[in-house]
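Per-chain residue numbering starts at 1, and chain names A, B, C and D are given in the order in which the chains are listed.
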Amino acid sequence: MQQILDDIAAQMALETELGQVADYIPQLAHVDPNQFGISVATPDGQVYAAGDASTLFSIQSISKVFTLTIGLGKLGNTLWSHVGREPSGDPFNSITILEYESGRPRNPFINAGAIAVVDAIMMGHEPREILGEILQFVHFVADDDSIRFDHRVAASEMAHRDRNAALAHFMKSFGHLKHEVNKVLGVYFHQCSIAMSCQQLARAGLFLVSNGVNQHTGIRVINPQRSKRINSLMMMCGHYDGSGEFAYRVGLPGKSGVGGGILTIAPGKGSIAVWSPGLDPVGNSKLGLKALELLVEKTGWSVFSD
Amino acid sequence: MQQILDDIAAQMALETELGQVADYIPQLAHVDPNQFGISVATPDGQVYAAGDASTLFSIQSISKVFTLTIGLGKLGNTLWSHVGREPSGDPFNSITILEYESGRPRNPFINAGAIAVVDAIMMGHEPREILGEILQFVHFVADDDSIRFDHRVAASEMAHRDRNAALAHFMKSFGHLKHEVNKVLGVYFHQCSIAMSCQQLARAGLFLVSNGVNQHTGIRVINPQRSKRINSLMMMCGHYDGSGEFAYRVGLPGKSGVGGGILTIAPGKGSIAVWSPGLDPVGNSKLGLKALELLVEKTGWSVFSD
Amino acid sequence: MQQILDDIAAQMALETELGQVADYIPQLAHVDPNQFGISVATPDGQVYAAGDASTLFSIQSISKVFTLTIGLGKLGNTLWSHVGREPSGDPFNSITILEYESGRPRNPFINAGAIAVVDAIMMGHEPREILGEILQFVHFVADDDSIRFDHRVAASEMAHRDRNAALAHFMKSFGHLKHEVNKVLGVYFHQCSIAMSCQQLARAGLFLVSNGVNQHTGIRVINPQRSKRINSLMMMCGHYDGSGEFAYRVGLPGKSGVGGGILTIAPGKGSIAVWSPGLDPVGNSKLGLKALELLVEKTGWSVFSD
Amino acid sequence: MQQILDDIAAQMALETELGQVADYIPQLAHVDPNQFGISVATPDGQVYAAGDASTLFSIQSISKVFTLTIGLGKLGNTLWSHVGREPSGDPFNSITILEYESGRPRNPFINAGAIAVVDAIMMGHEPREILGEILQFVHFVADDDSIRFDHRVAASEMAHRDRNAALAHFMKSFGHLKHEVNKVLGVYFHQCSIAMSCQQLARAGLFLVSNGVNQHTGIRVINPQRSKRINSLMMMCGHYDGSGEFAYRVGLPGKSGVGGGILTIAPGKGSIAVWSPGLDPVGNSKLGLKALELLVEKTGWSVFSD
């Protein structure tokens, strides 16, 4: 595996088409696109890494996997009264489908859905408390207490919140949010600002590899059925209107973030984190996607083959 | 496995909420809803069956898996210039998304996409020739030469073709169809009219279980990568706007038909065909879905768990 | 008035930006764009004309005014169960809005609506009979028995019918059409193929100038309320997604056709027909619109001023 | 005329189907639905009135006519870079069309468009200053300095701002708003909160009757072309997705508000204000619309007849 990752990192270093770094906030726009990291954590206790796998980056929408897990833990299946579980076929920040569906977001991985999940897990608590809970959960699943919010990223997102504010006010106008829009957005933007390395992220995904148990710590995070279902949601909806393409090319459940990270789960095999800041037109890491294609080709990991 | 299927069939016989039989053509409307069949074909050569597993039914949209396979064989990746591969988030016969995307259908499993695949594989041939080719392919993958079109079903579909004719003319107005609309629809409705039993259908799906090889006949149908990719398309788009729900509840690639059949693939494990004519509101077999949930619960078959 | 029309014709002859001639059928594509005609018929019995005002052109969608009038005459207000009367905000051939509104067209001037009006007035008759009726009505309102269908135009439209066939089949799939799609389309394309000159068309519009009475013949065509309502529909919906622009710039009820003609009604003042084959991007005659702006500027004719 | 209004008021007093009072804020929800007022101001200096024509009500969206007039005065035709002038075919608060048109609202009378007009006329000024300007303008056109904002209504709208906040943030995310969303909304809600009686409102509309001149004061408010164009916008877009119906039934330019008022202009004839709080399903005053139908029937006022 280490050899595979080294080969991939070497090959990625030769790529010249790096895609576009997200530029809607300065903190993301100023990231050097010439970076690539990859890490694989396997149930047997190993963590393999290559490239810039220990560099911190903004996990952004990958955080939606963690808040979804928290939400299922706190609310169980009543979470699905707050958010659906169908692919949207739309960009991550589309507002149109909300209107046709009376403000209820299609799934927890589009922005509207993730904001609805935040609102659902707040349960009357203040942003500070719920953020503490989210960070504690990430520490727990990653087995690493050093992980932090990047408050400058969160503040910058808040200053450029118009599209997400539109989504939140729109849902609230239908009664789908209970808390103040700015409080919900404050939590949402902090959640997205969490800074992690590929190595940390790969470890944080381990519980989805082994039916809900992090085999490195031996601790059960969630029950097997929820693990399976979170993976199904990542497969169906993890990459917005590029979800079909990801399933076609990679064939594993995954969740991408606009910071250039992708967390990918190979059930029973390993948790894979890749990161490269340049994005393709639908907002997924360009080198990240290429690297994952190479990895599944070399390992044969795909849920769609024997 | 036989015990599991017997248990499921017994349990299904007790169900009273059978859903609604498709009623847009008399041939489907007159099918007795009190029928249920299930069959599992495994790579080791076994075919298990319970209930009405040898009764013939109209496979309808399940046929789209076979024409997609033929299309990839004939055109290779240029097939993707005719049709996309993203979930649509829309009902099977929606026309709206075609307008926003200039007439190119989202994926090969919505009606518009399947019609586009038929047009792509016709390549100037007459309907009779292409229908011969399709039936020969189904005989080949099912290893059964007795499988037939149901010409009365096809004729009835043609007589009630308005929605599909709208889709076809609309695509043709954008130049996405090359052949005469009525010829393309003639092929499409015959393809959908193929009558198969659960046992035949389970065998016909075997090549997708073992990376493109039908282990019963030992013959390779397609290469491993295509097998994997067809499975990914079944997972992402196999049940229209119920695809997310199917992935969530069953966790396996599948394709449903309005005749009440569902073909489901558990890579490396087996090919599963269920049939019961009553449909849920999104058009999938109600008992079929329940039976599959029971089956994956009892067998642990899911691509999303270890 | 003659001086005004002469001035306008002279000014139009200097225009170099003529727009694009409709090119979806050869019969329209081959029309010389360097033509311009204008004619005004006033209630006092005068018909003024300038430019190519006696050249025949394909009235196309302007014919929808005549079939709407026939429809109101035959069905009265029950016509509104077949078609709505709200602006669509969409291009003339959009299909999307049909889906959101279950196949019922927004108004009688978009293509779908005009097709629904044809179906409504057919009442079981054969195309030949209904076409006879339509032509007779046009003869009657224009007081001119020489007006004819252009069968080559109609045949060419039929050969390129895909977009309109999609609209018709789509409506039929919702039960909004009673007759065979091809029969309805045959009538529709013939109706659109009627060839008239500006002078003939101006006279044909006279009944809408004087509350339903053609003052040249002295014959009442429809009652005053219907005249007023047809004018309101022309104002609100006469130019597809350019209706607001027409109301803003011209300020009179009007109906345009893709052949480059526009019929405009100044209640109490006159019936105006302009024609120039070059179209603007939303499908209205470019010089025609300019000429009408000049005319209303010089005459002060506008329903929105004193 | 006085007799006509008395008759109408008497007839309206017998109506039992009053429609639904707007209930999204308490200040509107608590208005007694059993009220009806009508007033007509004519260019000869008369103001006729009947029923509750001196009772103050919240003019709500009727205020958009005044801010549009201010906007055209301040920005001239560059206002049209901020907002379009086509009917939307959508409800007043739809957000969908904004997405397809990159955040630019269709016309100045849907909420998004009116908010864009407010942003355009703010030009860097504080809400207090621009509100002073708006009120001064209303005083000027109505020739009545007693007209006031209802600050409780404005505050309540602000507290229930979610739908409008979604529209504003959405436009801002596309760069279509320059000022802070809450400042723009503050101005918008105050503008909508203006309290006027039918008599005041009828007088305030006079300038649109006589080509831009208020014949009672003899003062020109705007030039004739703008007067005509504002009327055309009221005709095309004044009643959201009920604009076609209003044109069909009333045949005059008008603008309705959710408070139950409707301002209607009969060019050269008179300015008509009606008010009754109960609304029909598309949000227009139910008795108001009936009263206007009666009025145009009795007076023959319609821009679509001779």
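Some observations on this one:
Assume a residue touches a chain if its C-beta (ideal position, glycine included) is under 8 Å from a C-beta of that chain, and two chains touch if they have at least 3 such contacts.
The shown structure was predicted, so the numbers you read here are calculated from the model rather than taken from an experiment.
A straight line joining the Cα centres of chain A and chain C is 55 Å long.
Rounded to whole angstrom units, the spacing between the C-alpha centres of chain B and chain C is 47.
Remark: chain C and chain D have CA centroids separated by 32 Å (rounded to whole angstrom). The set of chain D residues that touch two or more partner chains is empty.
If touching chains are joined by edges, the resulting network of the protein chains shown is one closed cycle, each chain touching exactly two neighbours.
Contacts between chains, counted with the stated touch criterion, involve the pairs A-B, A-D, B-C, C-D. The part of chain B that touches chain A in the complex is made up of residues 43, 84-90, 97, 106-107, 209-211, 224, 227-229, 231-233, 235-237, 241-245, 247-248, 251, 253, 267-268, 302-306.
Contact residues of chain C toward chain B in the complex are 94-96, 98-100, 161-163, 165-170, 172-173, 181.
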